[in-house]
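Below you'll find a set of structures to go through.
The two complexes that follow have chain A in common; it is paired with chain B in the first and with chain C in the second.
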Partner chain A sequence: MRDIIKNEWYYLIRNRVLQIVSIGFIFILSLAVYLGEIQSDNQRKQYDVSKKQLRDSWESLDSISPHGAAHYGTYVFKPTNLLSSLDEGINSVAGNVLRVEGHVQNEIVYSESSQMQAVSKFGKLKSSLLLQYVLPLFLLFLAFNSVSSEKQSGRLKLLVLQGERPVKLIMGKVISVWLYGIILMIATVVVHFILNFSTFSTEMAGRLLFFCLSYGMYYFIVSGLTVYFSARWKNATVALTSMLGIWILWTIFLPSIVLSTVDNWHKLPSRNTFQTAMKEDRSKGIDGHNPKDERGEKLKEETLKKYGVDSLIQLPINFDGIRMQADEEYGNKVWDKHFGGLRSVLEKQKKCYQIAGTISPFIALQNTSMGFSGTDNFHHQEFLIQVEDYRRRFIKSLNDEHAFGGSKTGDWSWYAQNDFFKSIPDYEYYSQSLSTVLPNYFLDFIVLIAWTTIVGLLLFFGIKNMRIV
Partner chain B sequence: MRNLSTFLYEWKHFVRSPFKVIAFLMFLLAAIYGLHNGAKLYKTQLVEIDTIKQKIEKDREENIAFYEAGEKGPKDKLWIDITKPFWAIWLGKTYLFKSPSPGLVYSTGESEQYGFYKQVSIWASTMDSDMTKEIANPERLQIGMLDFSFALLYLLPLLLMILLYNLRSSEAEENFLMLIQVQAASINSWLLSRVIFYMLLTLLSVIILLVYGAMLTGVFSSNSSIFNNLFLYSLLYLVFWGGIYYLILRNGRLIINNTLKMVGIWLLFTFVIPAISLQWISIRKPVNYMVDYIEASRDETRDLYDLPDSIILDRLNILFSEPLKGSEEEKEAKIRKVKRVAFAALANELIKNKVESIEIENESKNHSVRTTYFFSPVTFFQNCFNKVSYSHYDDYRQFREDIQYLIDKQIKVLLKDSWNEVIVDKDKYIDYTKELVKVD
Partner chain C sequence: MIEVDNVVKTFKGVSAVENLTLQVETGEIMGLLGSNGAGKSTTINMLLGFIEPDSGVVKVNGLNAFSQSSQTRKTIGYIPENVNLYPYLTGAENLNYFCRLAGLKYSKDELNRFLLMCGLQNDVHGKKVSNYSKGMRQKVGIAIAYAKKAKVYLLDEPASGLDPLASNELSELLKKLAGEGAAILMASHDIFRVREVCDRIGILRQGRLVKEIQGKDVSANELEKLYLKFMNNQE
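Presenting the complex of A and B:
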């Protein structure tokens, strides 16, 4: 087998056209990583400047009531992801800015794609674009006549007569084409590693390993299937056109058809319906700004009883802060219910999409590529949950200061000091560890492994009764 | 006559090639699916707008009932006084809708990136969070909806490639070319006739699909120029790809080489060039985190509350063509009464200036996109399709401009009526609900 692979490689290396194409490919892949890196770096700088500017505004707050500060609020920007220079995923459509304030849980806004007219349906020139769409096509062109040309020249017959097993020959061809894809992919990863040497971590290495594994499996599927067609079909053109048809189906048709269909199966509510339902549920709770609210009255009685006093004036604390925190906590429950519902629909959609990998391994590849790059919807949702957790801690600190900082009920002119505002920590994003991310892509991995096994079996058993002339 | 016989032979070739027939049917299916996706989005938006309009109507009926009963507003909200212009307008709920074009059936464009309705108030801005897209799966948005324009832009060149890939080269490989030259006089015109046959076949299917799409959303009854323009762009796009493929076929002798070249060109025009263009624009003009807007709408607006009344009054007089009238004492007393609206007016000016600079920045990105048109035809046609279906960035910018116009109008009317202490009755209320939604 090793000799067959070696021989195939000699043939590939000697081919002048392939040499030029390979150099061109490595160049464009490196360029894609490099440009992706510059773009991510620019965005990172923009992120740092924006974050600092708004933090400075927050830290300069003085002589303002804690509740005034809750309305003033702060903003959280979505940071660039670990490997976003390799695969941008949903970053350009998902929004970048989230307002954090009292009473309201805002949505993430200002996506990059909303800031200009349409340019590219398939996103920016990231390595993933070339590795997912272009490289498999290239492998397909390398493999489609690998066996049929041997048949036509009579070499295959000669080799078999010399005692070589056809399966071995075919597997050798598959592996040599597959290795070509793997080398180009590794070249991409190496360039990425060189450009990110200073920030490279074991976490990134782990993610890259799984990233490469999923691409490796996909390349084997494409190479194996094309070589199989080349061996089965009499004519190389038929092998090429069949595989092209499959490629078009897998990469162009199915992903968008499946996602559109899944979107119809598990429907997301319209913004208006969603907000009306949230507003209705929210109205059943305490109104933090309305002292005459019934539920607020009940809380008042409980607080008076707790402190053993008869009126709000006698309270050693500021009841307004307690009422507003109760309002927040009720709002949090409403948020959990409704946004939890949204997330559950999105999870169902994702699950269906992952299952669709059984008809198109490209879907599984796309999922794992985005996932291990940290740019998919799972990571996005995790970011939104982290921000909401931060919002709750942020608002609670302000309400607690309002309630227990030294003011009395009804005293809205009591101001917290600058030190207090400075003491509230800024938002920090914690990227998910690989161990928490892996279970999300278990299904995609199973799908890719299943496809790899099926193609392997097809090559092993399907070739046995192949005609060698 | 010779062309006709070439066409007839080509038709036989076509129907006897299962690969080509399947590809053709798949294209038709994908395009029909895309048309239905577009029509569904069109209908969903119409239903959503209708739901909101019904709710507004119901709320307005309740408000009119307050006037008829001589009440000042809901009994549990005693601070509301519907006879005052502020509350009358506030409760009147002014909405502006971007009604979907029936052309959405052909191209959903950027309609999923932006909101299509907006409640206009004196505190509203065109960059508010409710101006963002509908609730959607971001992964679906990233992959993109399979609409008719997707089928045209990406699948049509593929279909054409499948239909044409072996023309001339299969005869060349089988050494039939000399024989054909004897029969057809010119190989090139024979090849051209065959290419034209497939282009006509594709064009005919596109026309049928366009008509089918038009029937789904009533394009002909509302705006037939959508159909005409889309037909024209589709024709140009088809000629563009047909021309490129013809040149490849004319100069190539091997099926495999021709296929490689065709796929290469397709990848270059549909994937690589637009992706490089987007990356280039993104590096030159990175994503805007809107910090200037945030600071204007939050910090600078907050600073307005510290301004003395006299300065507020001066600024208002500069802002509006009709000066606020009255003696100095009257003005001093009145400015206190209209302070809420006055702050909104000044904040609106601040925010408007920032929004303008954001729009200029976005426009410079769009300008960069337009400079790529001459080497990125797919981007050009994509934007043409979006324009035809009124789902282009510019259509949403126009929508934002209309919203801003209504915000300005509402502030002006409210300030004037509050200053003049207008008492709002039922007729005045109805007048508000009609006037404040009119974009002149």
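Presenting the complex of A and C:
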């Protein structure tokens, strides 16, 4: 087998056109990673500057009521993900900035696509585009003629006469084409590693390992199936056409068909419907700013009872803060209900999309690639949850200060001290650990393993009785 | 030694080989003459173990060529009309690769010696096969069989497209191999080359061996007349 692989590599190495194409490919892949890294770096720097400015202005707050500060609010920036230069996933369309304030859970805004006309129109050079679409296509062109040319030239007869089993010859060809893809992918990963050397961690290494494993399996599936067709069909053109058809089906038609179908099966509410429903539910709660609100009245009675007093004026605390916090908590429940519903639909959609990997391994690859890069919807949703969690703690601190900081009910002119604002921690993103992330892509991984096994078996048993003449 | 005993082979109802019986002893060269579709290549493919006969027995060195093909192939050297080697490898590298596939590991000197023995001069051993003529490629093909220590050589139209000098060199090489004890079966259209090289000549028509002659008993002209006579005979 080693001799067969070595011989195939002589062809790849000694062919001038392939040499140029390979160097060009490595250059473009490296460039894509580099550009992705520059973009991530710029984004990171911009966010750091903005974050610092926002924090400085927050920490310089003085002579303002805590509730005024809740309306003043702050902004949270979505951090660039671990391997976003390898696969930026939904980052360019999902938005990056989220305003955090009292009473309302804002939507994330300012996606890259919405701000760059060229990007929204033509897309951009992304390593994921090259690794998922172009490189497999290139492997396909390398492999489609690998066995049929041996057959047509009569060389296969000579090779088999030397005592070599056809299965071994064909596996040697599959492995050499596969290795070619692996080397180009590794080159990309190495560039990523060099550019991120200073921040490289075991977490990143783990994610990279699974990222590479997923691509490795997908490249084997593409190379193996192409070589199989090359061995089975008499004509190389038929082998190429068959595999191109499969490639188009896998990468273009099936993902779109599956997406539309899944969208129909598990419908997400429109933005307008979602917001209207949230607004309606929210209106049923306590109105934090309306002292005559019915539910507010009930809360008042409970609070008076708790403190053993008859009127708000006798309370040692500021009831406005308690009412506003109760309003917040009700709003949180409403958000949990609607956002939870949204997440449950998204979860169902994700499951269906994962199962669709059984008909297109490309879908499974896309899922794992974005997943291990930390740029998929799961990571995005986790970010939104973390931000909401932060918002709740942030607003609660302000409401608690309003309630228990020393002011009395109705005293809206009471101001918190600057030290208090300084004591409220800034938002800190906690990236998902690999062990948390892994179960989410278990199904995709299994699907890729199953496809790899099927192609391996197809090569082993399907080639056994291949006609030599 | 080659033995074909009463072999029949049909493809989709069309007879390719019909009750064919022939034998090639060690040290002997037998030529099979016949027009296209006479059954020459089918016979060779049956000897190579790639096609199973419908009936009859095909043996190479006493072993069934189809059911024991993994063993018989080890002793067979096959030279097709076009020896298509890997154009990006040199002659020596091609020989080395094919030898390694057969589980044989030779030193560079040994490989060069095989090529030289098969008539390929030293100065071209290191050149890429894409620069070789057809005759040179055929010599590498024979060197592959020779390095394998083949006892049986099957040649399918080996002289087709060769210039007279290369063709003559091939004849000499085949005689040399037979002299070393190889059994050689050569299928060809080339009456003159077959007459010159072969000890025994068989004429195949529509899958039947219609005539068998000793090479030394006929001149090239007589053989041509005989061949034409059998080819024109519709009986």
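Simple rule for what comes next: the second predicted complex is superposed on the first by the 462 of 469 C-alpha atoms of A that agree within 3 Å, B and C clash if a C-alpha of one lies under 4 Å from a C-alpha of the other, contacts with A are read in each partner's own complex, and residues count from 1 in each chain.
Basically, a contact is a pair of C-beta atoms (placed from the backbone, for glycine too) under 8 Å apart; a residue touches a chain by one contact, two chains touch by 3 or more.
Since the structure is predicted, the reported quantities are computational estimates derived from the model, not experimental observations.
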| item | value |
| --- | --- |
| Partner chain(s) touched by A:39 [first = chain B, second = chain C, both, neither] | first |
| Contacts of A:359 with chain B and chain C, given as first, second, both or neither | neither |
| Contacts of A:20 with chain B and chain C, given as first, second, both or neither | neither |
| Touching partner for A:194 - first (chain B), second (chain C), both, neither | neither |
| First, second, both or neither for A:3, with chain B first and chain C second | second |
| Touched partner set for A:162, first chain B, second chain C, both or neither | second |
| First (chain B), second (chain C), both or neither touched by A:183 | neither |
| Of chain B and chain C, the chain that contacts the larger number of chain A residues | B |
| Chain C-contacting residues of chain A that also contact chain B | none |
| Sites on chain A touched by chain C in the complex | 3-4, 7, 10-11, 14-15, 153-155, 157-164, 468-469 |
| Sites on chain A touched by chain B in the complex | 28, 35-36, 38-39, 42-43, 46-47, 49-50, 53-54, 57, 72-73, 75, 77, 89-90, 92-97, 99, 106-107, 109-126, 129, 133-134, 137, 141, 144-145, 236-238, 240-242, 244-245, 248-249, 252-253, 255-257, 259-260, 262-263, 268-274, 342, 346, 349-350, 353, 366, 370, 376-377, 380 |
| Residue ranges of chain B in contact with chain A within the complex | 19, 22-23, 26, 30, 33, 37, 44, 48, 51-52, 109-110, 113-115, 117, 127, 129-146, 150, 153-155, 158, 162, 165-166, 255-256, 259-260, 263, 267, 270-272, 274-283, 286-291, 294-295, 298-299, 302, 361-362, 365-366, 369, 372, 376, 379, 382-383, 386, 392-394 |
| Interfacial residue positions of chain C with respect to chain A in the complex | 45, 48, 50-51, 70, 73-74, 76, 78, 80, 82-86, 88-89, 93, 97-103, 141, 144, 148 |
